[in-house]
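Just so it is clear, A, B and C label the chains in written order, and each chain counts residues from 1 on its own.
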Amino acid sequence: MQQFLVFVRKEFYHVFRDKRTLLILFGLPVMQILLFGFALTTEIKNARILIVDEAKDIASQQITNEIAASSYFSIEKSVLSHKDLYTAFREGKVKCALVFPAHFNDDLVHSNKAQVQIIADASDPNSAKTLTNYLSAIINDYQNRLNATAVQPYRIQPETLMLYNPELNGSLNFIPGVIALVLMIVCTTLTSVSIVREKEMGTMEILLVSPFKPLYVILSKAVPYLALSLLNFILILLLSIFLLHVPVRGNIFLLFGESTLFIISCLSLGLLISGVTNSQQTAMMISMMGMMLPTILFTGFLFPLENMPVPLQVISNFIPSRWYYTIVKTIMLKGLGFSTIWKETLILIGMTVLLLFISLKRFKIRLA
Amino acid sequence: MPAVTLEHITKTYDKGRIQAVTDLSFTVEKGELFGLIGPDGAGKSTVFRILTTLLLADKGTATVEGLDTVKDFKKIRGAVGYMPGKFSLYQDLTVEENLHFFAALFGTTVEKNYGLIKDIYEQIKPFSTRRAGKLSGGMKQKLALCCALIHKPVVLFLDEPTTGVDAVSRKEFWDMLKRLKAEGITILVSTPYMDEADLCERIALIQEGKILSIDTPANIVKAYPEKLYAVRADSIHKLLLDIRLYPDTLSCYSFGEHLHVSFRNGEKNDQNGPEGLRTYLEQKGHNRIEIKPTPATIEDSFIRLMAGNDKGASKNIPA
Amino acid sequence: MSEKAIVCKDLTKEFGDFTAVNKISFEVNTGEIYGFLGANGAGKTTAMRMLCGLSYPTSGEAMVAGFNVYKQQESIKKNIGYMSQKFSLYENLTIRENIEFYGGIYGLSDQQLKSKEDELITTLGLEKEAKKLVGGLPLGWKQKLAFSVAIIHQPKIVFLDEPTGGVDPVTRRQFWDLIYEASAKGITIFVTTHYMDEAEYCGRISIMVDGRIDALDTPANLKQQFSATTMDEVFYALARGAKRSAD
């Protein structure tokens, strides 16, 4: 028994003297609780909704007011025609829309029956379902209030249109996010571990003491991993298309181009990580576990970004996978082209260039 | 122009808490086979890393073939051959692949300088398709040497190339180095093995970051201040203890089956010195006592220099 | 039985169709300093592991400190000490903490431990460094400390695996002073080394080549047998014919 206690005591010494272990022990749980506590909410607030009011009568006004008063929705724009509707969805400006046909109130008063159309962006099927439910509830509420003082019951019939994803296939939202996550973690890990391995084995010393420019050392590592990651990407894509029935409605070359850009940003990140440690184990831990949590949280495929508190939303803007995810969704699911995503692409290019610049600059050409 | 120079090189780690090397200066001439001899932690690897431009010294300057290690590091990196400690080649590449890689790294081909490495490479050629990780210590060493030589460097830096390698391979390795000398390559070798010091043309003895002595091995042992005697008797350990208690003993260290002893007063009278010792030992009951003069070895000199020029005390008891 | 510290007969270890240790037989007397030599890959480490109770032999017999290596491995471990070049003490524990840890592991009572701890620190002259982390000590001190810790529980036998590698010549000899003292106290020393001059300090040595013991005798007799003046030459003569050389 005494021996056992002696061992336990020694282990305590080890733990308290190893800052890395302490960080994992205390730092990680605290961070996770904070992040998940604030970020994790399936409740939707201030979803942007577009109201197309072709009736412009008292009923549509009242319903619109209810929506405006609700904390679930924030009215983006109250437009008057159908045309602007689909543009708004395409540009990602709104998550749902409510369309009142002309003569809405008249229909109600004269035939006790009217229709409205609910349109939702179903590329995120869960949010779409929730939003349509909220809308239906509001309409139902209004309907019941009318019926309280009515002789004959009124019925307002909402007709729902799920855009981009009529089957409400959950994978559609999920898969682009998984692609981003997988590429991010695999590329970053492979690159950082590969470079640190050279340092650990001592071969880095020999490479440095040669006429071979350090830049080429990095490039020679990047090229195979770039190629392999693209292969990886093709594999995931094929699996998604044929096994999970995720469509690729847009230009596949554009998809490849954007993916290449993203992969390069991940490789740069891996290079940056390799500079902070000399141990393969640490490099792997930082690349895999250190990157996994922020990527899952801030890419926006598991927890919608709009639902997070503003500070976290700001942070998410600095995560490359967040932009890549939007790009992939837009191309794959919405079938849209470069003109829609040029902004996101530009941001991604900027981030990649910056990461490359910093990581190259920080690459140590000496041992200490 | 000397091949390598170091002038007042000082290097510390951990914000000055660890003194790796302090005020180190020496030169190596072109074509010399120069040995840096000292135990682990003496500073040998630090010196090598400064010379191969991998570390920046805190103070002092160093040159290789007249090029400054700080300003002209790129040129130096293209011209030298370097084999870091504990061998580093690619374990999962084969012997051949490693060689081709290192040739390409230096912008040359295996064929171009094959003559230089032929003798060495022939010994591992039968294993050319074996992965480097699966080679024995001795073979890895030979491969590493080939890879360091393949671009015909002007200066070759070998950091502890014989550590962890069996005695037979060690001998073979030094034979190969001697043959390389004939090609006019300057070779700097570091080693903790004192017996390898004799195989170099000139050596620097280094301990705790400071140079104890630099000279040819012959001159260093010639400079040993006292006369040394090799003493043996039947029971070594008892002998060791008794000799240490003998008043005239200056130093007494084990060297295999003999003890190397030096005296304070030498052969001034027959109460002291070797004859006095013999009497004393006989009184102590030792049998088959042999006392004869012996030339100093590098190891004797190293020990002596470590203890400093301390003639007063007989510092030969454990701390 | 109690006279022999180690008795070994046809001890063999096979890994698949590779025979690492091939029917070695030898005996070590109590209180002896026994040198167990051999080139890298000759099978020394494998043999030592069997004797320390760390691995099961494939065949053959061996008794260590009077205990059977097949059936009484735990008893062997309680009665031996072990120290190697690669690992000895925990770098991020202080000297005192290391001593307390190993003392506790070896089953010393608190009282014994306290007095041993002070004795050890004083003998090695480490009073000033006692509270410092072992990682900051020079190599030579670490090795000396490690040895002292390995025998803190007065084991019957202590196994030393290349304890003086890379250490400066003075410290090496100080280390051997410690070995001599331990031997004088009755502890049997089983040591492997690459320094051939250290082979001379041993009472008897054996040299392993390709898994077998090719020589076993006192240094003086071996030198005579091979017409050599130093152990170096003896070793070279034997090792040169070796077919095997591993990492």
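In this text, contacts are C-beta pairs under 8 Å (C-beta built on N, C-alpha and C of every residue); 3 or more make two chains touch, one makes a residue touch a chain.
Because the structure is a prediction, the values reported are computed rather than measured.
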item: Which of A-B and B-C has more C-beta contact pairs; value: B-C
item: Chain whose mean Cα position lies farthest from chain C; value: A
item: Centre-to-centre distance between chain B and chain A (centres being mean Cα positions), rounded to whole Å; value: 60
item: Centroid spacing, where centroids are CA-atom means, of chain B and chain C in whole angstrom; value: 26
item: Chain A-touching residues of chain B, taken from the complex the two chains share; value: 13, 49, 52-56, 74, 77-78, 80, 82-91, 102, 105-107
item: For the chain C and chain A complex, residues of the former touching the latter; value: 90, 92-93, 97, 100-101, 104-105, 107
item: Of chain A, residues touching chain C in the complex; value: 2-3, 5-7, 9-10, 13-14, 17-18
item: Chain B to chain C touching residues, read off their complex; value: 38-42, 136-139, 163-169, 171, 192, 194-195, 207-208, 236-237, 240, 253-257, 299, 302-303, 306-307, 318-319
item: Chain B-touching residues of chain A, taken from the complex the two chains share; value: 201-203, 205-212, 366-368
